[in-house]
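You will see chain A twice below: alongside chain B first, and alongside chain C after that.
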Partner chain A sequence: MYTELNSILNTTPDSFTQGEFVLLSDRQSDASFLIHHFLSLYLRARCKVCFVGLVQSFNHYSAISQRLGVSLTQAKEKGQLVFLEGQKESLSVLIPQENDTGSQAMDFLRDPSVGLKSLYEFVRSAVSSNAVLDFSHYCRAIVCSQLQGNVVMLVRCDGEGEEDEGDDEGSERLMKGLTHQCSLTLHVQGLPTGYCRDIHGQVEVCWRRRRGDGQYTQKKLFQYKVHDKGASFFAPGTSSAVL
Partner chain B sequence: MAAPMSSVGKPSAERSPFNNTSFQKKTRSKLISIPGTRPSVQNGQLLVSTGVTSLDYLLGGGLAVGTVLLIEEDRYDSYSRMILKYFLAEGVVCRHELYVAAAQDNPDDILQELPAPILDDVAMHKPAEQPRLSREPPDALDAMKIAWRYQNLPKVQTALASSSRFGHYYDVSKTMEPEIRQAAKCHRFYLPEHPTQSSPPHSTMLESYSALLKSLQEVINREGFDVAAPMSNSRNILRIGLHSLGSALWGDDLCCHDNPKNGRALTTFLYGLRALLRSSLSVAVVTLPSHLIQDRAIMGSITRLCDNAIALESFKGSERETNPLYKDYHGLIHVRQVPHLNCLASKLPDHKDLAFKLKRKQFSIERLHLPPDLSDTVSRVSRGELAGATTVASACGSGSSGNKHLDF
Partner chain C sequence: MLPELLQGVDTGGLLVIQDSASYSGRHLLQSFINAALNREEAVHVLGFEVSEEELKDGLRGSPVQRLHFHNAYTDPLGWTDHPAFTVHQFCLGELTRLVKQTSHSKPAILVIDSLSWILRHVSTPDVCRTLQQLRKGGAVRSIIGLLHADMHQRGTVGSVCHSATSVITVEPAMRGDEAVAKITKRSKSGKVIQDEEIFRIKDDLTVLVQSKSSKGAKKADSEEQETDPTANLTFNLRLSDTEREAKQKLALPFVFSKAKKTALLHSGPGSGRIHYEPDANDDYDQEDPDDDLDV
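Up next, the complex of A and B:
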């Protein structure tokens, strides 16, 4: 849980908006540090969390959360956290065995949902854009509307923005579809001026709220630096290395 | 979706304790020390050497067990192949097991070309040499005129000991002796010899990749590299070398077309490879002819899927070969990605302008140093010749060749 990000998003462990669909996306950068923020935030708020890890193993998240002050192993034992090891499940699909008992990967999608918060990481390698869009719509319908929970999803888009995507399965289409569905977007990018050791990139936060008469979109831009025990966010140009 | 833990229908094997991946903090479990590995000073990760000490330094001390190193090949696949051979040779010296897969050359040919280690202070068990030793000293007596006090000492230590050093040096002009090489256990996967199986109907992977993944899993399970396997006294590391993945010889059209039909075959394979590696004591080095891939988006996702990624750009055949500025080096090396395992921040190298040169006894990677031009007629080299790729806005190091252009 990064305190600066909490103040930016106006969230505290005690009060945050329910029924939100948060989209984390990155372009040629790595937004996984935001996943740790949300994970520790929700665990501190004593919500039930379901985490689908498709990129890294449980130990990775556990080690980092330890440094952020949250113990994943304890949460798992107490039943507050359900961690689904997506990598191992996917292996059973990619290498089909002769005696498959039927517990295929993505089977947990069909399980009834009781949890309040869900965090997902997606690697677009093996899943088509349509499947991701369907899945996110399904998540949103069940978790956000019915159960008043929050969904946080991390999607990586790889193409450069100006590329002309001829085929339908472009990452742009996926990003647009997901951005339309979500209420809060955090888009992580590298600095437009190039690589810098002290500023790791910029985060664009976009709120899409539905007021009475229409959509209200608010955007803010921050720069960030990731260090060992967290991340610091600051307005562009006010990095401690510069001032 | 979340579900109460009791109703999730997972087999009980999944409930095994948390340490069922190869990433374990050193303090939490008793790691049996495996020869040729050492824990990282940054996060306690178990590291192996790539065989090239300067590359080890670039990757943060070594290659973490359970990760993939992607090497984007240079145009003629000379230096990337060299690094692959260094990696396998290091495995032989450290007594690790090897797994070599190739579609173009027979893995046996690759194994025969491994460079010879410089073994002045490392003891290697050579069973064939022992009977010869007793006969040699009488001949050698004549040779020692100055160091005559040492003539009675045995020439080669016959003690059986694996090397405790991390990272060795190799002599590229000689190939490894067959006795040393055959002491190491090698598994081979040569695509033309592998029987083609029908791929499952819903899979996005190609047959060749499916067969390779399946073969890898079989080897890992059979030889006991799986972390979930019962801990025996001797654990070893499996070094996997995959040569030229993605090329047309694997049946992939990624390098042939602008919009490949099987765009996701390689990325699916890499995802499966990573899942395999995370749950076993193995390391993989994958070389990829990236200069043939037109679609940069797919290249980006391939890079993302591999934990470590470097790209080699050799000067051979380009106009830079004759450029006096680059005369000391053989090519440039770009670090595309460095992993951050068990920690938030990754340690990218401070400098983006790195160049390599292959000397006889060392593959060295240095910062590209442009000395000031002190000649009378300062020739102004145009920026287009010097600068490599244009700067890409990225914090994760899809870097430029960023030379220091001293513009006077």
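Up next, the complex of A and C:
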């Protein structure tokens, strides 16, 4: 996990908002470095994590997490992590666990009648953005609202973001639909001025649905640089290469 | 106009609050719910997008005894054995039964959160028809629906808004806690009134209209803000009235007026004339090559 991002999001492994739906998105960039942050954050917080990996193999995430100081293999063996690999046909065996009251768990994993398998199959077969929106709605209803767990989802946007008039299946519509559902978005983009060696892009963090203290959306923009053991975040114009 | 609408939607009316990913209209929707509850009206909420806890969390301080939340959030597609309310139950019969379950003397207000959820699963004509039937049915006094305009094609949004009696489109304003509301209201006589206001929702869910930003006012502002370029100079760029008249009278050298044309084409007495006498070798064409010119 990246300490600077933790301070931006006001999270630590010991305290973070429960019941949050976090949407990670990128446009002509790669937001997967944020996935590693959340994965290591929740594992360090000793939560049970279910990771649905449809893009890369387990080994890929394991290697990167190793550099961040978290062992995915160990977590998997302990039963803390369930990794569903989209690229292989196999599904991990779900091992029933004692109910850990302190953790935000995806309890439905342990309930054979609800069947994560059916959700997983649904995701694999879902081709329309409508189906994905339904899936994310149910994730939110079950995981966030019922179980007070968190959901983190990565969606990729292609193109310039123009409205695709006749295309209901477009990634734009999916992106907008997911944005309406989530409580926190992190949108990664390249720098508007072009490629820079020392600054890999910008992240726009948007808090929606704050409870209690005012409900207006709050947005903040940061620039970031990904390096070997993590990523650093800074206010625009304050990169160490510039100052 | 916003406070007017908050005081009550006309009987048989449909109010659509249109929002986008950049600004959520749910907060304004909660203001409408709060205003209705404070008027001692019964409010039925068809909740697809947020849970009852989340909605009621935003309505702290409101008299929620008259609020009836119909849970379409937990299982809207009927994937479990006992769904509370599914999207396929969105039809006149089911909704009338739902609203009539609670006994109230007056017809209630139906709030739909959100229409977008329903439109993703039910065809637009069916949704519009059901809304029309509900309006005329008498079981509900009026309907308020939230619509995410950026989730549908323009035709869908247009169809739903066309069947509405009032549409409020919300967008973010310059200041973080303010928003812009573009309001269109259709009265029973057929008259359409449009307005644009900047508003802020206070902690107690009352709406404070900061200013009216109608398009006319905007234009005047920009004119006033333009600086006069002839001011603060060390030389005089301004024209007096006589100077302006003289300027307008001046004939520009290369602009052809009728008088100039005739003067050029027919040279007056005393000016030079050209006599041309061709030899035997010259190829003299009597036709005037400039005849077709329309100068």
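Methods note: the second predicted complex is superposed on the first by the 196 of 243 C-alpha atoms of A that agree within 3 Å, B and C clash if a C-alpha of one lies under 4 Å from a C-alpha of the other, contacts with A are read in each partner's own complex, and residues count from 1 in each chain.
Everything below uses one rule, namely that a contact is a pair of C-beta atoms (placed from the backbone, for glycine too) under 8 Å apart; a residue touches a chain by one contact, two chains touch by 3 or more.
The structure presented is a predicted model; accordingly, all values stated were derived computationally and were not measured.
**Q** Counting only touches as set out at the top, which of chain B and chain C does A:Asn59 meet: first, second, both, neither?
**A** The first partner, chain B, only.
**Q** Contact-wise, after the overlay, does A:Gln80 reach chain B, chain C, both or neither (first, second, both, neither)?
**A** Neither partner.
**Q** Look at A:Arg156 in the shared chain and tell me whether it touches chain B only, chain C only, both, or neither; answer first, second, both or neither.
**A** First partner only, chain B.
**Q** Of chain B and chain C, which one touches more of chain A's residues?
**A** Here the partner covering more residues of chain A is B.
**Q** Give one of first, second, both or neither to describe whether A:Asn130 is in contact with chain B, with chain C, with both, or with none.
**A** Touch partner of A:Asn130: chain C, not chain B.
**Q** Looking at the overlay, does A:Cys50 come into contact with chain B only (first), chain C only (second), both, or neither?
**A** It touches chain B, and chain C stays clear.
**Q** Does chain B (first) or chain C (second) touch A:Ser232, or do both, or does neither?
**A** So A:Ser232 meets neither chain B nor chain C here.
**Q** So which bits of chain A does chain B touch that chain C touches too?
**A** Residues 163, 166, which sit in both footprints.
**Q** Would you pull the chain B residues touching chain A in the complex into a rising list?
**A** Residues 1-5, 7-11, 14, 18-19, 21, 23-25, 43, 200, 203-205, 210, 213-214, 217, 259, 264, 267-268, 270-272, 274-276, 278-279, 296-298, 300-301, 304-305, 340-346, 348, 350, 352, 391-400 of chain B touch chain A in their complex.
**Q** Under the touch definition given earlier, write down the residues of chain A that touch chain B in their complex.
**A** The contact residues of chain A facing chain B are 28-30, 33, 36, 48-50, 56-60, 62-64, 67, 73, 79, 82, 85, 87-88, 90-91, 94-96, 101, 103, 107-118, 123-126, 139, 142-143, 156, 158-160, 163, 166-167, 171, 189-197, 199-201, 226-231.
**Q** Show which residues of chain C lie in contact with chain A when the two form their complex.
**A** Listed in rising order, the residues of chain C that touch chain A are 20-24, 27, 49, 51, 53-54, 57-58, 73-77, 79, 116, 120-121, 148, 150-151, 153-154, 172, 176-177, 201, 203.
**Q** If we count contacts the way the header does, which residues on chain A are in touch with chain C in the complex?
**A** Its residues touching chain C are 130, 133-134, 137-138, 141, 145-146, 163, 165-166, 168, 173, 175-177, 179-181, 208-209, 211-212, 214-218.
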